[in-house]
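A short write-up of the structure that comes next.
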Amino acid sequence: MKIVVINPNSSADMTKDINDAVQRYTEGRFEAIVLPTPGAPEFIDTFEDKALAAPGMMQLVRSYENEADSFVVACACDPNLKLMREITKKPVIGIGEASMYIAAMLGRSFTILQTDSYSVPNKVNLVHEYHMEENLASVKVACGEQTGRFDQYLTAARRAMERDGAEVIILGCAGLCDMANRLSEKLGIPVLDGVACGLSIAESVVRLGYTTSKARYYSAAING
Amino acid sequence: MKIVVINPNSSADMTKDINDAVQRYTEGRFEAIVLPTPGAPEFIDTFEDKALAAPGMMQLVRSYENEADSFVVACACDPNLKLMREITKKPVIGIGEASMYIAAMLGRSFTILQTDSYSVPNKVNLVHEYHMEENLASVKVACGEQTGRFDQYLTAARRAMERDGAEVIILGCAGLCDMANRLSEKLGIPVLDGVACGLSIAESVVRLGYTTSKARYYSAAING
Amino acid sequence: MKIVVINPNSSADMTKDINDAVQRYTEGRFEAIVLPTPGAPEFIDTFEDKALAAPGMMQLVRSYENEADSFVVACACDPNLKLMREITKKPVIGIGEASMYIAAMLGRSFTILQTDSYSVPNKVNLVHEYHMEENLASVKVACGEQTGRFDQYLTAARRAMERDGAEVIILGCAGLCDMANRLSEKLGIPVLDGVACGLSIAESVVRLGYTTSKARYYSAAING
Amino acid sequence: MKIVVINPNSSADMTKDINDAVQRYTEGRFEAIVLPTPGAPEFIDTFEDKALAAPGMMQLVRSYENEADSFVVACACDPNLKLMREITKKPVIGIGEASMYIAAMLGRSFTILQTDSYSVPNKVNLVHEYHMEENLASVKVACGEQTGRFDQYLTAARRAMERDGAEVIILGCAGLCDMANRLSEKLGIPVLDGVACGLSIAESVVRLGYTTSKARYYSAAING
Amino acid sequence: MKIVVINPNSSADMTKDINDAVQRYTEGRFEAIVLPTPGAPEFIDTFEDKALAAPGMMQLVRSYENEADSFVVACACDPNLKLMREITKKPVIGIGEASMYIAAMLGRSFTILQTDSYSVPNKVNLVHEYHMEENLASVKVACGEQTGRFDQYLTAARRAMERDGAEVIILGCAGLCDMANRLSEKLGIPVLDGVACGLSIAESVVRLGYTTSKARYYSAAING
Amino acid sequence: MKIVVINPNSSADMTKDINDAVQRYTEGRFEAIVLPTPGAPEFIDTFEDKALAAPGMMQLVRSYENEADSFVVACACDPNLKLMREITKKPVIGIGEASMYIAAMLGRSFTILQTDSYSVPNKVNLVHEYHMEENLASVKVACGEQTGRFDQYLTAARRAMERDGAEVIILGCAGLCDMANRLSEKLGIPVLDGVACGLSIAESVVRLGYTTSKARYYSAAING
């Protein structure tokens, strides 16, 4: 089994972080490679960032179409996820979607922790898109200065538990994989890392032998 | 006042059709130009089509940013609408959104007529995005062979009225502007042409002096 | 083109305020007259106020049916709007509905500013009726004492931006038209005046040649 | 205990039918009187009918405010129900609302049978207003010619059971009380008569000693 | 008429409290008996509590099937309500459901007062199950120490009125019947006791002659 | 890793069928055992069946609490799923929930195929519980006579594709695992077997190291 993890941005640092999380998860059970997106911005935040990442992401899917058993889009806002599903029959998993479904199976309500306030409404939209409103405790911002980042997340998570009734925490950014386990130990509740969640679901779907349905929505147009 | 109407595809024929509708509507009250999107596909249907249209659409907005008072995205599926709103302070109107709001002020439930069945779920998604589910009577397909097209739309619209309780018809494609008035006369109910609806709302918003809010969602990222 | 703006109350002062806003908007492009409602209360607030305004509003619509191209109901709670649509084929625009649709095209979430707390649940109901819940940041009360009214609105709007993520402000009362532009300049985001919004949409719909659908909901009963 | 049942129309025949149903239900346990609405139309169907009935309904409530322990609005579309609640502290029960709540406690999904197709969207709106969408199997029309009316209702109800999964039938018109029991015997499922349901809930609420809350929504305005 | 009130727990004290409320309500109009559930826990809180109560509740329904005209499940979280409806044709009323419907007919929004924070999400779920989200002002916890319990409820209710706009209070626990009237007098708004609400609706449904529909959902399986 | 699959009924045949599917999926990667529920009915269909299965299911979870890394509830209606999550910290996966989430990642809309019409409303309820309404194309019944069962499912699935726009099929019963692959080959779209889906997600969650959150909803009561 080979899973191709697409980092939708072009940052080498973030690609490395994601790769560390990926290799830690696979434990050699299957092959997984992490690729930065050629031509994409350094960070995916705005609608423009997503649009600029699309051509490179399509190029990656088409290049690896034959050898990959599944693709993972490794950014918590699931950029261009539907587009990816349209251009390949291989299953494509978004780490945002995967982590919300897993959270819903572990507790009644989850909080998504963000690094900045700008992307809060985008994350709320994503929650709506997956119909997870009733499972959402809150989307919270943990101030993102590098020094003391762990403590900032810890504080934000504790507030989410006390004030919003959060029972599960989702880390709303792909570059935070290292933090999940340490936070979980301190908090006593599950803290989900999107990259691990997405990769795990991709592994599942490959083992199950399922593919993206080409019946209509992801089929590309009739004469396409 | 100058309104720039972006035809998200690159078809010269469709650009001409849209321009005919645009000039018929403006009646010289203001200037409106219709532009095809450089580098876009001939027809916008799939997620890939939308992604491929994005760079050209951004280029048009940026080129006309200074002289335009407003932009109209002249495709009934409102491709890249949020992206357009993000990169300009000028108001950007999608003809799909504009026509649904207008329909909701003329009757209780509307039917959207499509040319092909492939794009039905996309249109249903768009209705959800604008929270118009309760106003939706149906999305219906009128078989699209060129000969007899008018009769095919007429038949589909009549069925929508009888079976689905449609009180208003929205033509779900930008190239059909000529048909709206003739259908309306036969049916006795409003038949909305998206291009005219979108242009009209753009004119309104310009006269009102409103602009796209840059407070958060359409602001581009913090360091953007 | 002639648009008849119905002020659902009988206050001469408010009729004058609305008329000022109306004439400022039309700029002579078309004729617009503002009429107070005979027999209506001085202020429309309660369910009883709305019921008492209905006969006079019906009388106005029927008197102006022939000469008017469209009607505007100039009260932000859209009193008797469906009733008005039922008794005329001319389009009838409610300023509450019109301003919410326009707000939704300018930003992701809007706050409605009210003068008193009593009408907050009514406004929330109206937001539900137009399915705008996800676009609603908040309904906020700006304490309404005449002295310092501008500052009270400014403070309430700033709080809505900071605490509720408001990107657009809607002034939830027809008598506040003068304040919108000044607030917008201070806040840097669009501040919508309902009267201007409603009149503008009415102008659009008249130019588009659309009428209220008489297919079912607004048809009056079969033997009516 | 004295309950005043307001027939929102002015028809003597329908008032007599409602009174028959009312007296059959009370069995002398309490006093109940049925009153036609002065100045109202013969039949309540359109938005105008409802508006024309409002003054007479208000007059009835105010005349009987002291002696009545509760009011029932005896028309299945609950006309002016909120208005009635606003002008009295006595509980006011709408037969449409009461019958839907009772239906929801007897089965999972109910069908409302109507006499004409015109009022179907109004009934659907009412179902939305009480948030009973998931409990609604369908709103169905039983052709309303006087000869054979019972059989027409029987046929419509059977279709609702077979095709829509209806488990409970609500008769969507106040003049049909005599038919409910006979239909129920034939169908083997509960068939609800709105007048009996409304009266029964009114009796309950009076015995419970509850009144309409005047905290905000039904309080009439601050200075009202 | 004989109504059997099932206390889903096995506590003799709470059975006595419920019985006091029941006898106060019936005033001899009909027979009502209150029974503790054999084999059930002392208090119903967790999913396990509900499961452990199920066999005893079924046994009670089956023992009293012939003599009872209706059953009331006297716990505000409506445990095993659907199960009860499945195994008897007699109507079964849950006090949680009954009190929410009654609250919705007395005011626009209600607050449910709880004794502990653990069961808040369960109560929110119940509100969703009955589609009463828009009527919910809040679910609030009144700290439950025996000394000063009345004052704690009073304080929590006042906060619900001021901060959440509560117009009606529902006491979210079956053992609090004595408190309702005293709270109502202090607060000036209706305070609903679930046991009285449920019993009252059960009395209504018996008088109306309705039974649980056995058409499908509560029918037990095809060969059952 | 050891996963305990609970067959909520006591049928040896169905336990064997489930075990076949389980062993086919694990391929020796981890240990998985399938256990029938002591004291449960032969088939889980009604609310009573679910209640009768609860004690045995609890007993299984408690017996295997130490050695199991995760539990799977192997019945497509997810009976007693929340109860199971409450009494163990190990993750508990319902095959109904797991298969709906996986379906949503493979296509836009799925159809659930049932063996009998009785359980259709229960399945619709389950879809609501997981907020998957917009992803639901339909719940369809495939007549369940043993002879020709495959063809009956094939016909029902084809109709779901043509009429309801189904892009993914979920087999709504745990005993049908053998059929999924053969149907998928014929139909050309994914056909999901719940047991495999549930087991696969359980494997994922164990590898991810996540557990059921005990923060509130699944914590058992205050003194638990």
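Lettered A, B, C, D, E and F in written order, each chain numbered from 1.
We adopt the following convention: contacts are C-beta pairs under 8 Å (C-beta built on N, C-alpha and C of every residue); 3 or more make two chains touch, one makes a residue touch a chain.
Treat the numbers as computed from the prediction; the structure is a model and nothing was measured.
Relative orientation of chain B and chain F, expressed as the C-alpha superposition rotation angle, is 120° to the nearest 5.
With A-E and A-F as the two chain pairs, more C-beta contacts join A-F. Averaged Cα coordinates give chain E a centre that lies 32 Å from the centre of chain F.
Rounded to whole angstrom units, the spacing between the C-alpha centres of chain B and chain E is 52.
Per-chain Cα centroids separate chain A from chain C by 43 Å. Residue positions of chain D touching 2 or more other chains: 108-109, 121, 134, 165, 216-217.
Viewed as a network of touching protein chains, the structure does not reduce to a path, ring, star or complete graph.
Contacts between chains, counted with the stated touch criterion, involve the pairs A-B, A-C, A-E, A-F, B-C, B-D, B-F, C-D, C-E, D-E, D-F, E-F. Taken together, the chain D residues at the contact with chain F in this complex read 108-109, 134, 165.
Residue ranges of chain D in contact with chain C, taken from their complex: 43, 45-51, 54-55, 58, 80, 82-83, 86-87, 116-119, 121-122, 216-217, 219-222, 224. The part of chain C that touches chain B in the complex is made up of residues 25, 29, 91, 93-94, 97-98, 101-102, 104-109, 130-135, 161, 165-168, 181, 188-190, 192, 196-197, 200-201, 203-205, 207-218. On the chain A side of its complex with chain C, the touching residues are 120-121, 128.
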